[in-house]
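Structure provided below as structure tokens; questions to follow.
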Amino acid sequence: MSNKTWKHKLHEIIYEADTPAGKLFDVVLLILIILSIVFVMMESVKGLSAQTYTYLYYAEWVITIFFTIEYIARIISINKPKNYIFSFYGIIDLLSTIPLYLSLFIVGSSALLTVRALRLLRIFRILKISRYVGESNRLAKAIKDSKAKIFVFLFAVVVVCIISGTLMYIIEGEKSGFKSIPISVYWCIVTLTTVGYGDIAPVTPIGQLLAAIIMIMGYGIIAVPTGIVSAEYAASQKAAIVHINSQVCTNCHSNKHQDGAKFCNKCGHTLFND
Amino acid sequence: MSNKTWKHKLHEIIYEADTPAGKLFDVVLLILIILSIVFVMMESVKGLSAQTYTYLYYAEWVITIFFTIEYIARIISINKPKNYIFSFYGIIDLLSTIPLYLSLFIVGSSALLTVRALRLLRIFRILKISRYVGESNRLAKAIKDSKAKIFVFLFAVVVVCIISGTLMYIIEGEKSGFKSIPISVYWCIVTLTTVGYGDIAPVTPIGQLLAAIIMIMGYGIIAVPTGIVSAEYAASQKAAIVHINSQVCTNCHSNKHQDGAKFCNKCGHTLFND
Amino acid sequence: MSNKTWKHKLHEIIYEADTPAGKLFDVVLLILIILSIVFVMMESVKGLSAQTYTYLYYAEWVITIFFTIEYIARIISINKPKNYIFSFYGIIDLLSTIPLYLSLFIVGSSALLTVRALRLLRIFRILKISRYVGESNRLAKAIKDSKAKIFVFLFAVVVVCIISGTLMYIIEGEKSGFKSIPISVYWCIVTLTTVGYGDIAPVTPIGQLLAAIIMIMGYGIIAVPTGIVSAEYAASQKAAIVHINSQVCTNCHSNKHQDGAKFCNKCGHTLFND
Amino acid sequence: MSNKTWKHKLHEIIYEADTPAGKLFDVVLLILIILSIVFVMMESVKGLSAQTYTYLYYAEWVITIFFTIEYIARIISINKPKNYIFSFYGIIDLLSTIPLYLSLFIVGSSALLTVRALRLLRIFRILKISRYVGESNRLAKAIKDSKAKIFVFLFAVVVVCIISGTLMYIIEGEKSGFKSIPISVYWCIVTLTTVGYGDIAPVTPIGQLLAAIIMIMGYGIIAVPTGIVSAEYAASQKAAIVHINSQVCTNCHSNKHQDGAKFCNKCGHTLFND
């Protein structure tokens, strides 16, 4: 029984953010994640002193060992470890821990360490407690409702880019940098999204005319996805917001329970609220 | 009678996407269309091995022959072939089949093969069955309702570009790359749409000041079409969505029938639902 | 009396677009305006044959003489010529006619001929009859209602650009192309509006960090004017649309009268509807 | 008592914009602020005559002395000087006055003079009286309500940029200009925000494919913050607008009082309206 209590306490600290200890754990974890990303980024920068690289290497190992302990703790503190291991965060956590071990055997694999950036998404766990949950729930809903339409729209944009790209390839030819149809399609995407690098740009008058038409078109087109999200989001404003906390069920790992819930709404297991 | 049944079955497979066979046909067709576009694109890329070009050439012919058979099958399986041949998709289908035959006689015409990209729009046929139809109907309606206003708006933008372009031509002159008024107008469109290639950029202080004003203006202007589509789309949200399937009438080729319809709502011909 | 009828008929043809003759006049005028703009643009292009420039010069004179006749006709067919001469279109019409005459005395003044582009705005006169009037009225209203807010917003953007530009000047210095504060402010406007020419770009790590912050900020900021117009436009959708035609009062030159109006709503003068 | 009246009058002129004298003072101050910014900017421009720099230096001193007097007047005319000195504008006013004095001792500190641009925000003080107050109140409210959501959104964008940037670093490598992960992340921000300088651009086919995906994604993503502000702003349209004037309490420095208020709504001190 004492062992169970110990496991529950660990579970509460690691998986939940409602208790002071749980909150502290999450904040420390976030700082370590940010530090580790900064270290990986700095490592890729050339021209620092040799000593700095050595320090970065050691710091990297310290953080990796901490992450390893955390990963093991997460597995042992949960009733059904599979629910964690094969969850989105479970895979991210594994991927953000192993690259350094791999780098002992495979050269260059330490660059994969920036997968750790994905762990930053955990920040929403802490924010969950505050009013952000309602916000991001509504935002998520608006994006989800718009997804199908935006997909249809982006698909149409890609079709337009393939056709315009081919036309530009025929009009401009290789001399202007439109070396092949894929390159021309790439140029068309760069133009239609108004990024406009300028590494490839039309030179002939007809090419510039077509480019101008594509741009004006893109200017009108950009209105469409924005309009969709706007309308969906406005529509979602009337929907009620349910207050949810970050309690995690020890049995099924479900982590969205309403305030005051005593049993998991997925598997019926008792929730430990103390 | 047996012949008629055979024709109906073929019609159902080719034109409709409600039966498993019809769905399979459409999916296979889409994959072939995508493959053929990828092949045409790859053919334009320089620096591949000679053998690859030979393979691509053969693959191109295989797909073209399949498209030819499909085109003939579409014509014979319909009661009034003219309705198909002169429809939007009929013309696209013909245009996407003949370039390779033409390339036997005319050099370079195979580049026209990317017209096939337009065939990708068929994807909406398959999606039609799902909830996408409601979405794209509403989206289409919002775009259609906004068209007049966006046209008025884009027309005003073009007038602004002609005037600003001429001013820049007078201010900057040929040294800065503003070689002629059309080029300056082209630059102005590139700037106002926030594409900004950088192949032409103002150099004189007055030119840069005018450019800055154009940009700030463009920043405020971009809000207008977005606002229009947003509002139209929001307004369309209250309109009811009618559920439509992809049944095609064998008589008049009309393909928008409500679920459960037994007769074509355009010509009164019986719909074969089996 | 016969003279008065003649004047009225001319007035109806030139100023109004409700009769077939008036419509035809406006369409011919628009085509001439577009042609004259195309000619002015072509004249600025280098590398055409000497004969082409001669033809363009003659064509320019033909159009200018037509515009001169039109300008005189407009003055004599109206009761109070001052109302026309000092109106927006009156000044535009004068400015688009005299540059060629001036070019006989002053070299280079023919470039001012593109002021004619502003005459293109007359197109809305023809469109007025159709449903476009409602559209552009509502659009104009939404823009007018948003103007104050967008001005406040753009002003804040300029303040941000001045401060960020100065910071970049201090950080990057002259080596990276940030030669002076005005140039840095220009760069900041180019960046914040997402145009991004690339003629000036930060080189130092701190400069790139600040640039990244400016961009992310600009990404969030661009939402503001769009949101304003969207909301205003949606709000204006509930307002009723009054049907207006292009009847022009011969007395006071007011040109917005409701369908079926018999007297001018500004001065009480009788409207000639025949 | 006479001294108190004198202080009140000064207070009314300097801090408030409801009387003609107060309005005039604010307009003169704004013109001086704009002039001083123009002078600082011009000073950074190279290639002007030596005499111009001398004039600019003198003008700078004249304005600084005026600002110094204004700063002292602000302190002595208020009952509790601390409320002003440590307020936002108090700090800005100090920062915009001292750099020139500092420049006598420290070389280069005069560049800090553009902090004066922040003083331009005072313009809203004058505009306050007009209908702008309602507008900017609503705008401010919409932005404030959207802040949390836009922050969540921008945070997600940064995470996406870190991951995509690292991928591009691995794919493109140093040859294409992707020298380190921070540089690649910088490139990714430049691309996703559609700025697109073109100083760094992908060269390999896989890099260009990933870049195209990032752009299309960015195109869809830009819709989100716009949608949020639109919806919030539209929602705020129903809220009532309270008319507020720029009366400042001599006791607690609170400056938002409703029209006709006789006592400060923060400390209960009498407001001098004469």
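Which chain is which? They are A, B, C and D, in the order written, and residues in each are numbered from 1.
By definition in this document, contacts are C-beta pairs under 8 Å (C-beta built on N, C-alpha and C of every residue); 3 or more make two chains touch, one makes a residue touch a chain.
Chain by chain, the UniProt names read as follows: A, B, C, D = Ion transporter.
Remember, predicted model here, so these are calculated numbers, not experimental data.
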Copy-to-copy rotation for chain A (Ion transporter) and chain D (Ion transporter) - C-alpha atoms, rounded to a multiple of 5°: 90
Chain separated most widely from chain B (Ion transporter), comparing mean CA positions: D
Gap in Å, rounded to a whole number, between the CA centres of chain D (Ion transporter) and chain C (Ion transporter): 32
Approximate Å spacing (C-alpha centroids) for the pair chain A (Ion transporter), chain C (Ion transporter): 45
Chain A (Ion transporter): positions in contact with at least two other chains: 153, 182, 185, 194-198, 222, 226-228, 230-231, 234
Graph class of chain-chain contacts, one of line, ring, star, complete, other: complete
Contact set on chain B (Ion transporter) toward chain A (Ion transporter) in their complex: 37, 40-42, 44-46, 111, 114-115, 117-118, 120-121, 123-124, 127, 131-132, 135-136, 139, 142-143, 146, 150, 153-154, 157-158, 182-183, 185-186, 189-190, 192-199, 222, 225-234, 237
Chain A (Ion transporter) residues touching chain B (Ion transporter) - in the complex, by the definition given at the top: 148-149, 152-153, 155-156, 159, 162-163, 166, 169-170, 179-182, 185, 191, 194-198, 201, 205, 208-209, 211-212, 215-216, 218-220, 222-224, 226-228, 230-231, 234-235
Complex interface listing, chain A (Ion transporter) residues touching chain C (Ion transporter): 194-198, 226-227, 230
